[in-house]
């Protein structure tokens, strides 16, 4: 199963609406099951440094088929995956805001959101998933 | 002067409509005057390798305030800028498909399109500029 | 609003004067709102390894519109942004010495200073901001 | 022998004055004998893509103790050094605008200028050398 551009746009829109509601300009990215970018938006005044993070949160969520939040828990110092953030040529993000997109339980892509505090990023990403 | 997300979306849409008309799925990117990504779309079945190229065509057009086509003419073997494509850490593209976006003559960003033959990329990028 | 070279030079000069006062040779960088370098100075005998750090502290302060010191607090092990230093292709610095430059409250660029102990870097960067 | 920051600033100033005379905003970089950045200026409205090129022209001129123009002649397709621009992790520039700085015949650093047509870059770089 594939993720279409039309579907990706819906996900981005759903996230954007939520970002506007909470008043935090966000970078919003959607990648397909190959981890490759399908759609991206930087809202006005959103952080520049979060362009890369949003795209890579989405990549990370596909790459391990889990949320970046869950991956992060196991990647802290002393935990089993500590150091993983230095692999994959700097493309992994180990804090919340990246969530897999699934069709009938099957992984088809992911959304990545960055621009606010981590709980805000997660909230906006979840709104994107809900619009899917 | 700044480029807003609303403006960037119009540019992407204008390009997408043209790409559909000519039947070539494209990667379409818009960057701001700092060369940083504002909006991106990969149409269904568009080449994966062109994601990077579309984004970097837009970067290049801002970086030198000219089309990538014009930059390319002066970057051929024997020409004055030969070798420039190896600078800027691989972010320069020296064939057509990147075009500056201007407001009242002032540079505010650029569009980059990649996915077809170069003349098709240019045609689609020009449609994006026209929608601006 | 833009940051001019004349303004950037004033910022660098203000920082340099302070660095001389405290007797620590510094690398001093100023970037614009797009995160791109505007002015840079390495004082005699300043550390080579701090060239990159000064430039990237300035980039980081623009990228997240906050001081690198503040970003660093949230990026420690166990904190919400742990791992962020591995994003943005190695361009983020998460210790003090990068400070945003604002005009009328609006972000227009940043200064980054590196060459001494972190509190010294911060002191010199603040002197640069004051000269703005 | 070393290149001081005071000397580097004179070189940059000399180049800047010439750039203003010919009305082309330039990126101007000076590196020391180790190829490491000492001073940099981007004049208002100078090309973003030329930040990297100016710095690396200066690096290249030190790296081979010759002008980038001379290096370029031997680096064209079919010539003895063809392909050299892909070495040194993208830090070599093989067109004019980088010139060694010498004291009593000894290499102490280089200037790199980028922002106009190549002959303009060379003219501005030569003005910087003359101010040395």
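By letter and in written order, the chains are A, B, C and D; residue numbering begins at 1 in each of them.
Everything below uses one rule, namely that a contact is a pair of C-beta atoms (placed from the backbone, for glycine too) under 8 Å apart; a residue touches a chain by one contact, two chains touch by 3 or more.
On a predicted model such as this, the values are computed, not experimentally measured, just so you know.
Undergrad: Hey, what angle do you get rotating chain A onto chain B on C-alpha, to the nearest 5 degrees?
TA: Best-fit rotation on C-alpha atoms: 180 degrees.
Undergrad: Which chain's centre, taken as the mean of its Cα atoms, is farthest from the centre of chain D?
TA: That would be chain A.
Undergrad: When chain B touches chain D, do the two copies use mostly the same residue numbers, with over half shared, or different ones?
TA: different
Undergrad: Could you grab the centroid distance between chain C and chain D? Build each centroid from C-alpha atoms only and quote it in angstrom.
TA: 25
Undergrad: Could you work out how far the Cα centre of chain A sits from that of chain D, in whole Å?
TA: 42
Undergrad: How far is the middle of chain B from the middle of chain D, if each middle is the mean of its Cα atoms, in Å?
TA: Result: the chain centres lie 28 Å from each other.
Undergrad: Could you list the positions in chain A whose residues touch two or more of the other chains?
TA: Within chain A, residues 48 contact more than one other chain.
Undergrad: What kind of graph do the touching chains make: line, ring, star, complete, other?
TA: Chain contacts: none of line, ring, star or complete; other.
Undergrad: Run through the chains and report each pair that touches.
TA: Every pair of chains in contact is listed here: A-B, A-C, B-C, B-D, C-D.
Undergrad: Under the touch definition given earlier, write down the residues of chain A that touch chain B in their complex.
TA: 2, 4-5, 9, 34, 36-44, 48, 51
Undergrad: Any idea which chain C residues touch chain A in the complex?
TA: 34-35, 59-60, 62-65, 77-78, 80-84, 86-90, 92
Undergrad: Sort out for me which residues of chain A touch chain C in the complex.
TA: 47-50, 52-53, 56, 72, 75-77, 85-86, 90, 92-96, 117-118
Undergrad: Can you tell me which positions in chain C touch chain B when the two form their complex?
TA: Counting only chain C, the residues touching chain B are 32-36.
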